[in-house]
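What follows is chain A paired twice: with chain B in the first complex and chain C in the second.
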Partner chain A sequence: MSLNVAQRRLLQEYRSLTNNPPEGITAGPISEDDLLHWECLIQGPEGTPFEGGVFPAELKFPNDYPHMPPSMKFLGDVFHPNVYPSGLVCISILHPPGDDPNHYETASERWSPIQSVEKILLSVMSMLAEPNDESPANVEAAKMWRERRSEYEARVKASVRASLGL
Partner chain B sequence: MEVFSDEALNVTDSTDWLNTPLACLMPVEQAFRCHVCKDFYDSPMLTSCSHTFCSLCIRRCLSVDSKCPLCRATDQESKLRGNWALREAVEAFTKSRKALLEFAKVPPTVVAAPPDQNGSSSPPKRKATEMDGAKQEDQDIKRPRRSNRSTKTRAAQLTAAILEEEEDTNTTPSADADQDYVDQPPDDGLVACPICLTRMKVQQVDRHIDTSCPGSPEAAAALAAKRPTPQPIFPSLNSRLGQNAQTQNQKPPERLPALAYSMLRDTALRKKLSELGLSTHGSRQLLEKRHKEWITLWNANCDSSRPKKRSELLRDLDEWERTVGNPGASRIGMGMAMGGGMGVGQGPMARAQAAGAEIKDKEFDGKAWATKYGGSFGDLIKQARKGIKKQNLDGDEGNKKGEDGKEGGEKSSSPAELPTSQAREGEGESSSAAPPTPMEIVPPSSPPRPEQDEQQQTPGKARLLTEDTAMSGQVVPGTPEKGQWKTSSQQPPIAGDA
Partner chain C sequence: MAEEEINLPSLVIVLLVTGLAVRYFFFSGGGNGASATNRQPGGGAALSPEELQRRRQREREAAVETIQQMFPQVDRRTILWDLQRHGGNLQATTERILAGRTETPPITFQPPPPPISPETTAAQQQQQQQQQQSASATKSTEKTHPDLITRYNLKDKLASTEAEPATAAPSKTGGWSSNREERQSLLQKRRDQMIIEARKKMEAKIAAEKAAAEAAASGGNN
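Showing the complex of A and B:
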């Protein structure tokens, strides 16, 4: 059986990520049986409370990838305004094409088939550094980030240390 | 990568050039690749905003979003234009890619070897025979092409040697041919007709061209063979055009127009699909999606230089149906229509569909339905309770399969195994929801839709729910039994494709 569009493109991206790994990011399919299910590791960006942390996450791709975006979920605890308590990442690049019914995002920020796993993960890294508190996924984190920044940073640092087993 | 199949190994990427001496080819290759599929352009098409994508890629994008994926400018499929120059460039590049990459990956020891060793090593054998010692120097001076060899690296020398070798093998025969015609005119005091190259006296040429010139030399040969067919004046040009015309004749010429689905009734849409020879099964939404996908595949195929046959396109559509369109259900939809292998005719299917539509109707009379089918429901409850015992034994495995959301197998097998009346209702109910779920009938007294939706999202939870409803006297027909789960586990749809 031949590979379909989504599988072929994901293999292509995997090859690209293997040949030319971007800094701070590792990603690949969990098993050869299911190319639509990836696991990735993101390093916490330097100069942020996430610095030093390594955050595992899973990416699930739809069958009509790349026309529709994957979903991304952190597997560990990530206290962040744009990450749901379940770990699900809420970021505009992962939202399907078209305009946001809530008008938080313009179409230009949303998913487009020219995006890639690499771009998603880079966006998530920059999201970790600069939260967007306009449409928070984790209201508690958003409030704390806005009003008590030092407390937020302390909490994030503590969870990073805990995740590293320190 | 070696864990993947052969085809996976064939997946190439522009980053393959990294860590080779030809790393500068990475951006070149990137320019030959589509931004959507990241593969080499296949039938590249220009958008109104002057971006280029594969025909199929951009048509899919536009059908989803009506916007250029790169700049998000609004565009229409009908405005796409072929970028044939790029197509040729891509073709040329992909043809040479393998050889180039192999060359770039030659182990550095060979490249760094001293020249006299080079002469005896395997690749430049011809070089050794053709040019050795001082002769080589002479040729360097004579041929301006080779004077480009200003960089003194061994790699460059080797490149030149290999290029030369290729060139030699390529040019030798044609050079000979040239000599026959042009380079060495026989010294007979005659001149060649500029068209047919027949040799004659100078003063004869004008009259010859006006009256008896047959055209090209080949045509002259044809004339000599006593076949006086009228020849076009520039046959070589025409024959080239003719080749194109021929390929154009072979390709399916007519692009299909898009339909305004909102203006079409179900029956009209079904008629359109059957006119195209496509399956007419499935929900309205699926019918629209199927029709749209077919148009996309078909029209993209019209742009191709090597169009596929209709049967291949149908296979592509079937593949799409199995993975993207309606994963799991295609064995009922396309499978039945195309192979008819399930042993259940299309009659029950059609009736089931009608029943599905009926239930979905807002003014659906639940009580009447319950009375009418009360007997069947009763039977189904009994069957379900029996089934649940087995299911509990086999539950863990079942749940696992269910969570994958690919429950195609048990669905397709159930109609054949259930009594007809039950099968009918089961079909009706399940066809009202797009993705297939383990067969379940929810009696009309409770609203059927929400429960089904929930089941699609959380199969694990749905299993509990199914058991609850069964215990409270509600209906769960077609509860997957051991054998059936096995069927489904033998057909892991996506993974199996790889």
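Showing the complex of A and C:
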């Protein structure tokens, strides 16, 4: 079985994530037949309305990974300013390398081959804790987060409980 | 002098006839059947720009509808764009669609939404509404995701770990197995464990909250 660069790299990342799993993160390919398609679980960070929740997400890697970033999509309800209603995550580390034409982000914040799945997942975790409402993906969530914080938190908490079947 | 004498009555007659004609065309009510049918072709010149615009739109809608009946796969925006680009010629647009030469409209092209034509009866509208409602209903059911327990089939595992919590003590999984299947099952196990733990913690939290609320309530009563 010959693996290409992307697959070799992903297998290596999978290995290190298995040996040294970061707190609150489980990630790996859905099946090793397709190393470009992962599923991961992210724990809601403590001290946030997402606390106690576990959020499944899928990662899809392009064939030219690690030159280009994967896309990440939450598979459950995540009501968050930086998550599209479809579940797609919008953070700078998932954006292709180079400077943002809109100058929102510097090149160092964006994807580059020295980043990794682990860094993405940790970034997403901290994004859950601290939304960036500069360029919201979910306008409704961003508005509620900015203007009616307690309502936002109640809504997130309710969805966390519902996602655990409670 | 004689010329003027002849001209004056004829002028009066001409004015009278024109006046009558104008009155006949524009100010006669719907009571006269002939005038009602005549109004459309005859009244064109007197239509206000908005009326004209509306009529053009109606014609365009009719064209779009005709084309959509022939090519249900082509979307409305594309048809409208093509019609607009090529002077609203239905036949030419049809040919371009057949030849596959339609262009994709630019994002900035935002055609007006399809109007609800007055011909559609109330019953039809109701039917449409019902369809829309059912569509949105299915959409909303699609959108709500199943909870994690259902998603990962953890009901049995949850029950078994509840029954005998001792055996479910989190065996420190980890380590990379050289066996592919083993790796897969280890990953799955870790995933399940994470969800079950979260669920239990949340259950405990909810129970604690409930107890606290009850205590507060009884405390208030005493």
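In this section, the second predicted complex is superposed on the first by the 165 of 166 C-alpha atoms of A that agree within 3 Å, B and C clash if a C-alpha of one lies under 4 Å from a C-alpha of the other, contacts with A are read in each partner's own complex, and residues count from 1 in each chain.
Just so we're on the same page, contacts are C-beta pairs under 8 Å (C-beta built on N, C-alpha and C of every residue); 3 or more make two chains touch, one makes a residue touch a chain.
None of these values were measured; they are calculated from a predicted model.
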item: Winner by number of chain A residues touched, once chain B and chain C are compared; value: B
item: Touching partner for A:43 - first (chain B), second (chain C), both, neither; value: second
item: Which of chain B and chain C A:26 touches, first, second, both or neither; value: second
item: Partner chain in contact with A:54 - chain B first, chain C second, else both or neither; value: second
item: Which superposed partner A:158 touches (first chain B, second chain C, both, neither); value: neither
item: Partner chain in contact with A:18 - chain B first, chain C second, else both or neither; value: both
item: Chain B versus chain C as contact partner of A:139, first or second or both or neither; value: neither
item: Chain A residues contacted in one complex by chain B, in the other by chain C; value: 15, 18-19, 32
item: Residue ranges of chain C touching chain A (in the complex, touch as defined); value: 144-145, 147-151, 174-176, 180, 183-184, 186-187, 190-191, 194-195, 198-199, 201-203, 205-206
item: Of all residues in chain A, those that touch chain B in their complex; value: 1-9, 11-13, 15-16, 18-20, 32-36, 63-64, 66-68, 97-98, 107-108, 112-114, 116
item: Touching residues (chain side chain A, partner chain C) in the complex; value: 15, 18-19, 21, 26, 28, 31-32, 41, 43, 52-54, 56, 75-77, 160-166
item: Chain B to chain A touching residues, read off their complex; value: 1, 3-4, 7-8, 11-16, 18-19, 35-39, 57, 60-61, 64-65, 67, 69-70, 72, 319-320, 323-324, 327, 492, 494-498
